[in-house]
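Each of the next two complexes has subunit A plus one other chain: subunit B in the first, subunit C in the second.
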Partner chain A sequence: MTRGLGGAAARGIALPGLVAALAGLALLLALPVLLSASLLNAAIQMLIAALFACAFNLLCGQGGMLSFGHSAYFGVGVFATVHAMNALAGQGLLPTPLLPVVGALAGMVFGAIAGWFATQRTGTYFAMITLALAELVHALAPHIKGVFGGESGVSAMRMPAWGFSFGEGRHLYYMTLFWVLLALLLLYGYTRTPLGRLTLGLRENSHRLRFLGYNTHLLAVLVFTVSSMFSGLAGGLQAVNNELGNYVVFDANLSSSVVLNSYIGGVNMFLGPALGAALMTFFGLAVSDLTRSWLLYQGILFVVVMLFMPTGLAGLAQTWALARRRCGAQRLLPLVGAWLVALALLSLGTVFAIELLQQLFSTDYRAGVQAGAPWPAVRQFGRSWAPGAVTTWLVPLVLLATGTPLARWAGQRWAAALDADQGQDAPR
Partner chain B sequence: MDQFVVSLLNGCIYGLLLFMVSAGLTLIFGMMGVLNFAHASFYMLGAYFAFTLQPYTGFMGALLLAPVLVGVLGVVVERFFLRRVHQHGHAHELLLTFGLSFIIGELVKLFYGNYPVEYRVPASLDFAAFRIGELNYPFYRMLMGGVAIAMFVMIFLLLTRTRVGIVVRSAIYRPRMAEALGHNVPLVFMGVFGAGAALAGLAGAVAGAFYTTNPNMALELGVMVFVVVVVGGLGSLEGAMLSSLLIGLVTSFAVGIDRSLVDLLALVGLGGWAQGVGGLFTLKLSSLAATLPFALMLLVLLLRPSGLMGDKT
Partner chain C sequence: MTGPILQLQGLRKSFGPTEIICGVDLDIVPGERHALIGPNGAGKSTLFHLISGNLAPTAGRILFQGQPIGGLSPALINRRGLARSFQVTNIFPKLTVFENLRLAVMQRHGVQAMFWRRVDRLPGVREQTEALLAQVRLAARHDALAGELSYSEQRSLEIAMTLACDPQLILLDEPMAGMSHEEIDHTVALIREVTQGRTLVIVEHDMAVVFALADRISVLVYGQVIATGTPDAIRNHAGVREAYLGEEAGS
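Let's turn to the complex of A and B:
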């Protein structure tokens, strides 16, 4: 585990970081002018996913407690908010912009109860217990129609408030942006409080914390509660945006995607999970029309990240900065180039193979196959490919067969360059 | 009374099935400290492989071949994936197996579609073993129970009576010492991982034909297996056996009880009030059967956090 977070906190925020943050903020504020309505909706979903991932990361990356059932707290936030919107004969318990607070409170209360159980154990047990708790809610929800609305879910209406109609995407976007930024600021502030430092201690060495006289169980429950509170807030935001709560939200898919996204982004950096979640949500929406295998790609990407770059995408920048300082950019740039080419070859090969298989094994295609006759060709990447032809299968094979050695070569040279540099340093 | 006997038998056999899967998981955990998230995926793959092989090899051939294939896959996973990330710690290994289980699930959906496949008990095995009162009891259920018991006896004998068993147990107990004495511990790890995967595959091949074979079966069973190992205490075979049976019986009996909390509260005169409140109170216990194991798990966590047979905390 790197201590990037702690280091940044100790040094204070550097000037370039501040400039970048301000530029990012300006861009986020300008988005409604720049984007179409559907893209703006995608941006809202990205923001919510980013907040959820950051809330998850407080528990997982900083507290070292891997939760596989975080959708439960998100879902509780969704339903609490939907019911708050329907309260007082549809008038809503609070003005629309304040409604997500209800989700946050519900997530907090539920998280405190669930967390008390889950944090009885640590490590692997903790992961299993969170999963089982989420499944408990998931199994129970369809039966309690009064609260979770059964198959059709519970729908609600956003009421105009404070002079905003909340009927157009712009209003919703700014409301979501406000809450997400506020939550991220609070979460960042949390890391700099004594409790935030203790959270890191919980991850690094909880035994020692106990020897120092801290009540680690209470501490873990607190961290869990804060994390589920912000998850509930994310759920509340989604409820206000979709005007709907359905028990599908308790599904294991949401829990697993937040784990995948956070690690793809990189859990050691504060904004890593947010980056991962926003990117993956965006790609998920962008390619949902093109492919039915998006989840498979997500899984593969996750495993590749786990195997080859355990610090995630956000860690890549750190690795690059470190290597550049040691060997200089000139020696490394060709390697990066080769690596990028290899990456492109490998991903093209993988995508080609998966899409081809996906088409060949789809029910539509199966129905079109006649016994005895050759299998009909499939269309892909703008031309048709015959499944019986060798060339069709050669394409992904050649792509993968050239990409793998290239990637391996680049990796070896990279390691060799760093080693050689260390060799020069040693005699000093 | 007949209903009671049938529920008892069903519960025992479901429990034995749970044990077949959780035994491998517990062994692997005890040995390598890795919680293999993909373990239930191996169970699912066993069912799908057997379904695919069945037309070519016949049902019995598929039952034998599918676990072998799954075992080979398990070896590949250990050798080329888990060993790579071993240096990053157990959490990393857990996450990797989680990612693999995700990929396996999606691949199964890609090849077989996101719906149950026609994997059935063959007609030659689909007959009643005996009658309990009015009810015919299927022979295939007895076969599943028999396979599980045979497996338990075999593991037990292998671990306690053979030379291989001694090496494996020593590798679990003191891996470094076993290595220093000249045993190839990584090979033992690989073997145990493969064997655990094969056992899960066998369970899947046997049970998939009786229950449904669909892409969700891994998650459904996987969660239940996790509950089993938490209740039983991770790393303890006896605990896994006990809690598998317990959970099997609890679910099986709950399905047969058509009562709700209202009926219970009616005994103390609060029935009307509970009926008015509705929600959780009016739910029939039979419809809650799927949630009872989780409740049991929470209870165990509350009263005995290390699990029924576990001693590590």
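Let's turn to the complex of A and C:
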């Protein structure tokens, strides 16, 4: 039964869930031993992105307020923390591990002010106001050099504290992990408080809430403030890790990727956005060396997820659990296998075609083309491919032409299997 | 206090040049069940919107327990003890039935901005929610999504949500619209039961329901109250028969 956040939060945590959570925690704690320095750095960025996405989703998925300008609150957290690092030099009341709190406070204050204006309206108008506020900050930041440091940004130094040097990735990783886990716990706890329940009511029917005696504007401002506070905390963590604040964090790019990541992960599940953000950040880092078309892949992924699994990646698990209960795993596993093969074929075909076209259209390649001579071959997947050869174009075509019917066949059989079972023991 | 619980004095509402409510004077006595009837477009729903704060009056006064409430926000009016239901079902469709009602019950516990306590640890909230669910006979549908309830179950939920803040005055806007005969009988009994000790103003088209339920009836035609009285007085009122009941006699 898809009961979304409401049901999941109302039930207690079941035993298998607890075991999975402990296993996940153990894995996260063991990562510094298992990973190289660069991968550990990637893990830190994934954790920060996951926290930012969950903070965003409090507003978007739970409160039903789609913000297109959440980079503003993240960025304010970054700069507040960088300035705190410079002002206090890690001394006194704010040693390095506590610095992200400054980011959280700054995000909270800025969020309360911006939220008071943005939540005067709902729906499209709300989204437009958040976008406008973020663009305002984005446009102003390069001009206020004293605060935002201009092109080169504001840099800061991380100081040792509590016996840790914070010069090694390990120390930074554990500090980030601690804050992210604490914030996720608090955000999860929030969903079970009265304000957390009212947040869902705000999304479902704010008109009715007014006639039940609630001040919906106040509620919306509070939700906005909490969301901005945790976004600012994520920004603060990034500042401590990078020792740098640059106004590019206010770019609309960050605002849009948190929206895309959250929906890819699934906004209806508490950890869906964290999953989406962590995966997309990882792919972004892993793939950015291999391709120049990462943004295109990100966009394609978003469209595909929205078209074929609107509940996101986290929703897949729910769909699988539901289907398995109805038909049993034996009947469905071959279909999942076929579906995975189809997915691999389609992905390979798409990547092949995109990379080929991207190379052929690149300025480097165009410069090498001589009039009258055949176009030079391009290297891809460890082989050279002549643009004039039929086989070069046959490869992606065959991949796509076999993948598409296979995916359709698997989808139809899946639906048929569920339909056939409808009459027998369909749970209500 | 023995005066009227709700007083409308010279109440007017215009939308641009069109006047929908043209000077309504009406007193609602504490504890009565008062029905508001009238042909389509007479302004019954507009009157409810004015009283509940959905719309601000153009002129005139609305007094609730002697205090002016005209133009206040819906939330403030609700907190003074005046709750309403809606003609078109107005619930939280993707939340469970229990959750729907709990949101309504929580309000009188004054916890709207609370983020430091778990909602299931609030004393009394669960008990009151369960009691209300039982009262409107929805206890069996506790975990169902509100959007998946049958139409009449949704209407019952709507009534329960209206009752949740323990209001002195309840406005019900066509609670029986679109129901079958059995559902209507059930709902009439339910309304009779849950409005014990409260004041009720109800808009309803079904005349059988109106005459069975109401202590007094007011007839609204073209934005004016043309008659107020007991069911018998209304039934025999010449102006009402002409303006309204005459048309209904055939149906």
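Just so it is clear, the second predicted complex is superposed on the first by the 414 of 428 C-alpha atoms of A that agree within 3 Å, B and C clash if a C-alpha of one lies under 4 Å from a C-alpha of the other, contacts with A are read in each partner's own complex, and residues count from 1 in each chain.
Keep in mind that, in the parts below, a residue touches a chain if its C-beta (ideal position, glycine included) is under 8 Å from a C-beta of that chain, and two chains touch if they have at least 3 such contacts.
Just so we're clear, the structure is a prediction, and the values are computed from it rather than from any experiment.
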item: First (subunit B), second (subunit C), both or neither touched by A:Y263; value: first
item: Partner chain(s) touched by A:V226 [first = subunit B, second = subunit C, both, neither]; value: second
item: First (subunit B), second (subunit C), both or neither touched by A:R192; value: second
item: First, second, both or neither for A:E204, with subunit B first and subunit C second; value: second
item: Which superposed partner A:L218 touches (first subunit B, second subunit C, both, neither); value: second
item: Which superposed partner A:I300 touches (first subunit B, second subunit C, both, neither); value: first
item: Partner, of subunit C and subunit B, that touches more residues belonging to subunit A; value: B
item: Touched partner set for A:L136, first subunit B, second subunit C, both or neither; value: first
item: Subunit B versus subunit C as contact partner of A:L15, first or second or both or neither; value: neither
item: First, second, both or neither for A:T124, with subunit B first and subunit C second; value: first
item: Subunit A contact footprint on subunit C (complex, rising order); value: 52, 54, 73-75, 78-79, 83-84, 86, 90-96, 98-99, 102-104, 106-109, 111-120, 122, 143, 145, 161, 164-165
item: Touch list for subunit B against partner subunit A, complex; value: 29, 35, 81, 84-85, 88, 90-92, 94-96, 98-100, 102-103, 106-107, 110-113, 219, 223, 226-227, 229-230, 234, 278-280, 283, 287-288, 290-291, 294-295, 297-298, 301-302, 305, 313
item: Touching residues (chain side subunit A, partner subunit B) in the complex; value: 64, 66, 68, 117, 120-121, 123-125, 127-129, 131-133, 135-136, 139-140, 143-144, 146-147, 252, 256, 259-260, 263, 293, 295-296, 298-300, 302-303, 306-307, 310, 354, 357-358, 361-363
item: In the complex, subunit A residues that touch subunit C; value: 3-4, 6-7, 10, 189-190, 192-198, 200-201, 204-205, 207-216, 218-219, 222, 226
